[in-house]
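In what follows, structures are represented as structure tokens.
You will see two complexes here that share subunit A, one where it goes with subunit B and one where it goes with subunit C.
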Partner chain A sequence: MKVLSLYLLNKSGGLIYQRDFNPESNGINKLSSNDYLITAGTLHSIHAIVAGLTPPVLYPIQENQTGNQNQTGLFQVETEKFNLFIYQTLTGLKIISIVQKGVSQETATRFMANVHSIYSDYVMKNPFYTLDMPIKCQLFSNKVLLLSEAS
Partner chain B sequence: MIYSFWIFDRHCNCIYNRDFAQHKPASKDTVNRNNDKDEAKLLFGAIFSMSRLSSKLSDGNVLQSFRTGKYKAHLKETATGLRFILISDSNVGDLSGLLNQLYSDLYLNTIVKNGLSPVDFKEGMVIKNMSFINGADELITQNGDFI
Partner chain C sequence: MSKPYKLIGEDVYKNRTEKINSELFTLTYGSVVAQLCRDYNNDYKKVNEQLESMGYNIGIRLIEEFLAKTNFGRCINFKETAEIISKVGFKMFLNTTPTVDNFSADGKQFNLILEDNPLAEFVELPDDNKAVKELWYSNVLVGVLKGALQMVQLDVDVSFVKDILRGDPSTEIKLRLNKILKDEIPAGED
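Up next is the complex of A and B:
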């Protein structure tokens, strides 16, 4: 499988990590840093909006729409050139990956779950990291790169 | 299972909406009922932002569908700026064939080539043409993914 880009969003929709893999050949445009923040914020809000658009027949009346959005929130965006997958962890961290067409949902989910475990190991256990701030841990970047090449 | 069908024109207005979820298609009382509701605006807004995002990330890229844990929305945008949207179960495959049929076989013949229907829909106008409504119902309910 080929991962084109990876985004990590904190629980309030702020971009804390962004990386393009093979930026010269993967077909994903290089954006300005401001545009990356807009992209992250847009995805964060769309994630919540589309959860509220669930057809009424699909949820019981008592279950309100502000509940657990890991089940009802945006999960996949399919476009002509790539697929985008969103994986929200229990703590509200969103892991977003842009992958080539044809990559299965299972493969993408496994990749993002692995990113989550790398995040727990090399970001959360880093005593110098402040919660919800941009990730500037070299070890994390190295491991993510290795993971993207391996998967 | 297909839950609903929406058409938005190039002025972002919902010109057609049909709900299949609660009523069987035989009853016509779910035609154009949600055009001005918040649901329509949110759906359009979400689709619009996602299209913008996909074309920003890669040149000439087109949004095809999006999926949540519960449902999936399929999109076709025409060159004239119309957006056709079908909402279905999340495990339904590609519905672009049906969307193409709805546009090129039905919409073109019953709306565009119809001298009595407006060239450009004004605010608040909706599609009331019975041959379009019946034709759309027929195409959608005969699709293999409609249960």
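Up next is the complex of A and C:
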């Protein structure tokens, strides 16, 4: 699978990590850092609006095996060139990935679950990382890059 | 409620966690507590506070690993939370399974009885007649539980009520659910 871009948002919708993968050939435009912040905030808001629009469920929610707690919010955006998936953890962290067309939802979800796992190791366990602040951890970046190449 | 948490806990512990030498861990914790006692001139109330605050900072970070490794969703009630804390949480990080006891009638309070406390394996409290009354040696656990639960939007009061080190018959932590922080539950869950 080809991941084009990865975004991490803290629980208030602030962008704490953004990265494009092999940018010269991947068919996604580079934006200014301000535009990334706006994109993140907008997706966060739409996600919440969609969740608000969804009527309360009348049936039990299916058990999911991935840890993705995004049940009623904005889940997927499809465009001509790529798909965007949103994954949310119980603590409110959002992991957003932009992937090439044709990548299945399961594959993307698995990728984001793995990102969560790397985040829990290389960001949360870094004693000098301040919660909810932009992630500037080289180890995390390296691991994410490896993961994007492997999946 | 019927989920096999015991099995899940054992599976996560066996297959998905990094292990370290337990003595390194126990001795490290011991030297931290001893150093704090020196730093605060044996003012054990301050030491308790400091241990709790250190635990809190661990808890708010550790919860993320717990969620990433177990893939659990939100608990339906506090009983389920209790089961998960004891059978999966403690198992995964400390390889011990405390007993859940004394559930209150309103379902908002319970005690965790630690039959086996890896933090305190070699410990005897100083015999200055004060430590046995004031120091909660493993108070870091209180902070960890509080911090971790707060990150999943549960405001819980946690405190030690008994400790074998103080001569009590068992080691017990009391958890009381104050409220569920509904406003902070992330949108889109259900």
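One rule holds for everything that comes next: the second predicted complex is superposed on the first by the 136 of 151 C-alpha atoms of A that agree within 3 Å, B and C clash if a C-alpha of one lies under 4 Å from a C-alpha of the other, contacts with A are read in each partner's own complex, and residues count from 1 in each chain.
Convention: contacts are C-beta pairs under 8 Å (C-beta built on N, C-alpha and C of every residue); 3 or more make two chains touch, one makes a residue touch a chain.
In this text, all values refer to a predicted model and were calculated from it rather than measured experimentally.
When the two complexes are overlaid on their common chain A, residue A:G27 makes contact with subunit B while staying clear of subunit C.
By the touch criterion stated above, A:S117 is placed in contact with subunit C alone, subunit B being left untouched.
In the superposition on chain A, contact of A:C137 is made with neither subunit B nor subunit C. Once the two complexes are overlaid on the shared chain, A:I46 sits against subunit B while remaining clear of subunit C. Contacts of A:G73 after superposition: both subunit B and subunit C are touched. Common to the subunit B and subunit C contact sets on subunit A are residues 50-52, 57, 70-74. Across the complex, subunit A meets subunit B through its residues 5, 27-29, 31, 35, 39, 42-43, 46, 49-59, 70-82, 98. Residue ranges of subunit A in contact with subunit C, taken from their complex: 11, 47-48, 50-52, 57, 61, 63-67, 69-74, 88-93, 113, 116-117, 119-121, 124-125, 131. Here subunit B touches subunit A in the complex through residues 3-4, 21-22, 39, 42-43, 45-46, 49-50, 53-54, 56-59, 61-71, 73, 87, 90, going by the rule given at the top. Across the interface of their complex, subunit A is touched by residues 60-65, 67-74, 151-152, 184, 186-190 of subunit C.
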